[in-house]
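Structures incoming, each one as structure tokens.
Consider the two complexes below, in which subunit A is the common component and subunit B and subunit C are the respective partners.
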Partner chain A sequence: MGHRRTNAAIWTWTLFVLVAIYLPIVCGALASFNKSRYFGFPIKTYSTEWWQKTLDSIEIGMIVKTSISIALLVTVFSVVIATFGALAFARYEWKGRRFYQKLILLPIFFPQPVLGLAMLLGFNAVGIQTSWMTAVFAHMIWIVPVVTLVIAIQVYGFDPSLEEAAYDLGCSRTQVFREVTLPLLWPGIWSGMLFAFLLSWSNFPLSLYTTGADSTIPEWLYAKMVAGYTPMVPALGTMATLGAAGLLLAGGLIGLLLRRRAAA
Partner chain B sequence: MLQTSPAAPQSAELPKPILQLVGIRKTFGAFTAVENIDLDVREGEFLTIVGPSGSGKTTLLRMLAGMDTPSEGNITLHGQLINDVPPNKRPTCLVFQSLALFPHKSVGENIAFPLKVKGVDPAARKARALELMRVVRLPESYFDKNVMKCSGGERQRVALARALAYDPEVLFFDEPLSAIDYKLKKTLEKELKDLHRETGKTFIYITHSLEEAMVMSDRIGVMRAGRIVQIGTPEEIYGAPVDRFVCEFVGEVNTLKVTRGPDGAWQGVDVPGTFTLAPPRSGADLKEAFVVVRPEFMRILGPGESADNRLEGVVYNEYSLGSRIQYQVRVGAKVMLVELSRGRALPASADRKVTLGWDAADAFTLES
Partner chain C sequence: MADLAIAPAREAAPESTAQLRHARMLSVGARCALPVALLLGIGFLAPLVAIFGYAFATPRSFDVFTSFTLANFATLFDTTNTVWLSFFWSCGLALLTVAILAVIAYPIAYGLNLVFGRWSALISVFFVFPLFVSENVRLYGWVLFFIKNGVLDGTLKWLGLSGGPEVLYTPGITLFGMVYTYLPFMLFPMTLGLALVPRDLVDAARDLGAGRLFIWREIELPLAMPGILIGMLLTFVLAIGATAEAKILGGQSIIVISHDIEIAFTYSQNWPLGSALAVLVTFFIGALTLFALSKLDLDRMLGRR
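Now for the complex of A and B:
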């Protein structure tokens, strides 16, 4: 029967995609449990020794802290900038609005290594010493547009007459924002925050050029892959992936609750 | 060219105007949305502005509510100029077409919202919200209900209660009933009229439906292309329309163009014949005019029946309108409409050739 064949095709395809996506990740995770120092399959003896070493390493602790600091600052700054940016172009009619809409998207399509190098040259030219703080700025160049888009979708989704109604019912401009705009934008802002954090957390090309002497997780992984591989590389990689997945899951659940409260 | 119906009673014993508009004009770039409107809104009246979409009625309402500022002219409330007073500082409240209920707040929180903004304490807020829910006939159990889970009619009531919680002197309505099914709409129209009487507040309502306006209003203003063409009681709008636009807005009509013949008699332009007409209300000595006869005043003459004016035609279509039947009668190149009550319907076997007739007093003679 046609229906059964369609179903079979859908299942086969879905399974294929899932395997294709997750097999490398699973392999990476398995590699981190290899007792031997060298990368290779099949794994002869399993051990959690490298995980323990990774957790104990002071160097890795610092790198994780750097990555988290960058990601947190990027999240806070991009969400504030993106929220007002999204309101500006989705809610208000002004000269140059359409141009701004296009312009803000441009950095997303710019190759990141080129963007990173350009920023490094820029920082040097104006005499700014690169460090993890300059990386925050670099990440934002790429992440603010993405977050603006995510939040703009939420802004387009709600009726501007809600704000007018609140204003008409006696609210000051700040009360309108606090009582109506912000609560209704929360689901979008929340998604934007998750995007900002995860995009910064996993960014390599921009960090490579702009962190100076500091190092982020993706940078450390790359450096150790090039020279000095130990199973700590897949171990840290797996931890970073699990951390991101955990954050996404928790964020998704909170987002679901927010959305249910805002729109249900 | 605002024309007040002559039958309109004059000011002396009328309530004083609460809102006054003088020479209001609103332009958006090269587009003029509202053109030179003068209007006195009387305290406590139910005034409806009707007009087709794009006639400027929403723009007019937004200026009254403070969401737009007039390009020219003055709006005064109790004699005080309010052109630039923002909506949150005006004792007026607008019920939006979309109702604009806050989706993240419950029914009770929506209704109590203006009180929360004013800083009223939670207990007093709740008491007042429950009181208003009784006024708009919402069950008390709805207090914690999600507004988005309410039906269309319930949402109307929530929006109304929320507007009343603000305790405005003037309430504005921007076609809030346009998306409601017919039967419920009829109920809500009557409730709104009751509420108007009970609260004694001034209501200004805009709609494109004259039927809605007729049911509820003390006065109706008809808008076209940014101007108020006529303002008066429902009876005046129906019984003494100033031009063809107002006539046609009330319902389908028969319009005939006529000119003065050499002997001074009115001659048909589209249909042959000489007609006896009532003088135009303006009293002007016209060379050309339009005769408008509502389908319910057009008769099908039986043998021996007479009328001031007669036309020979052929019935070629009939429609049931429920209690009435509408006939389309071809007279030369024109199609005339006749509405008869079901009891007086033409028998199926009747000759399709008929004689139409109407009396001069049942028709309007209009300049334009």
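Now for the complex of A and C:
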């Protein structure tokens, strides 16, 4: 009886926290449908005017394109590097592995605004002009370790004897990698790709210092929040959120299929 | 005689191939780690070296690696400098964030492991998703919620009450923003930690008549500690470096340490001073992180039991 009451309390608490987590996102969505320029609640007149303006804006179109380009490149590079990084993290027993496991966590434990500034200094010291391409590199410093951990969790659950068997049957190393290792790791790699894209898509502190004259969606939103609020700010914010949600949903469904196939 | 001579040789043969394979594994592992190591070497360690170089450069100059002075550190260690106030604010807020989040996240982490069953995957996704929404957007949502004539104030007035409290642009709301932003970073390590607690051990203790509080204090908490500690460390470190909460929700009513670093780099155009401050923060965080990480076994935490 007491047990059931505790469980009910845990359910209630969790749902309450979830509601609180999504409350500000809902507030932003509400504000984006407000017809007047300044926010007031309850909203007097709803309109999709600001959504239309946001969609029509050429400036925002360019910013969205920059954000997508950065996120796509970050995804491709990070996943390749992190797949090998995860094998080194969790699959192979090698000298220096313990040290490597800890080294890789350091960028995650490092405050991003300071990391962004440090990278700006680094680029400046070697004379590289910052642009959206330097931001790709900056995002990778933080995202590769995260994706490595995500894929490593998949690697831990993987049976090395399958690889050994393939070697014993005379497969070359590339064959084993392509025919055995990669298919078994696909679900983890797929999750890693989703993480890479979405974390880059939403990143602000690293972009702030490393995009130079270019601008990403979170940077544009921040600039307008500080000075020059229009309902286009919550409108673009909501669009970015919906985009991320759509991608996560589609990616999650594909991931489920991959997992089912890997299990079969 | 002949048989005896051959037998040990036969035994040795498979062992040597196993050894050979083992030797090859060593190099394969290191080779797999190489791209990550190179990336972090260039992208993480080199910028830290650059910051270190700038920290000893002439104040208000850009003469990195060509001048050497301790003037920047002297400026920082001057007791009248307000950076110490910022540092205490950051540390205090970070400690409170950790304490509050531990209490908020523990029941949820417990639920994800033992109560939610088949729902726990979906609930986890709901907790992960906010990480993919820029923190600016989420924090600004709270501004819209708490602001005068905002969602809370407007709703209360509509109900005929006197309106919402004025909480925006205070240190308290900054703390609220940090707790809000860093919840997933406490929750997931904690969940991994609680997953390490063997259930049969808890059942055995219960069968032997141990009370709930006793089981929690003597079994669950100590065994889940690695995960809880990682969560605490991660949230503390991230909260020390947080700026968005103090800027967007706190309306700069307090200046946090990372904000001081940013000010040195942007408004006051004093890169060497900003670098010196960043070096101090880096040492503080680095020492804390390395100390905590040296106590942890990541293989056990992440799945290799």
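Throughout what follows, the second predicted complex is superposed on the first by the 251 of 264 C-alpha atoms of A that agree within 3 Å, B and C clash if a C-alpha of one lies under 4 Å from a C-alpha of the other, contacts with A are read in each partner's own complex, and residues count from 1 in each chain.
Assume a contact is a pair of C-beta atoms (placed from the backbone, for glycine too) under 8 Å apart; a residue touches a chain by one contact, two chains touch by 3 or more.
Because the structure is predicted, anything quoted here is derived from the model rather than measured.
Legend: residue contacts after superposition of the two complexes on their common chain; A:P24 is shown touching subunit C, with no touch to subunit B. Residue contacts after overlaying the shared chain place A:I151 against neither subunit B nor subunit C.
Once the two complexes are laid over each other on the shared chain, residue contacts for A:M140 go to subunit C alone; subunit B is not touched. In the superposed pair of complexes, A:Q112 makes contact with subunit C only, with no contact to subunit B.
Contact with subunit C, but none with subunit B, is seen for A:I10 once the two complexes are overlaid on the shared chain. Counted by residues of subunit A touched, the larger count belongs to C, out of subunit B and subunit C.
Of the two partner chains placed by the overlay, only subunit C lies in contact with A:G40; subunit B stays clear of it. For subunit A in complex with subunit B, the residues that touch the partner chain are 158-159, 161-162, 164-172, 175, 179-180, 183-184, 261-264.
Subunit B meets subunit A in the complex at residues 65-67, 86-88, 92-94, 96-98, 100, 102-104, 113-114, 117-118, 146, 148-149, 162-163, 166. Interface residues of subunit A, counted against subunit C in their complex, comprise 7, 9-11, 13-14, 17-18, 20-28, 30-31, 39-42, 80-82, 84-85, 87-97, 100-115, 117-122, 124-125, 137-138, 140-141, 144-145, 148-149, 152-153, 156-157, 198-199, 201-205, 217-218, 221-222, 225, 233-234, 237, 240-241, 244-245, 248, 252. Contact residues on subunit C toward subunit A in their complex (touch as defined above): 22, 25-37, 39-40, 43-44, 46-48, 50-51, 53-54, 62, 64-65, 104, 107-108, 110-111, 115-116, 123, 125-127, 129-145, 147, 149-151, 153-155, 158, 180, 183, 233-234, 237-238, 240-244, 248, 258, 261-262, 265, 271, 274-275, 278, 281-282, 285-286, 289-290, 293-294, 298-299, 302-304.
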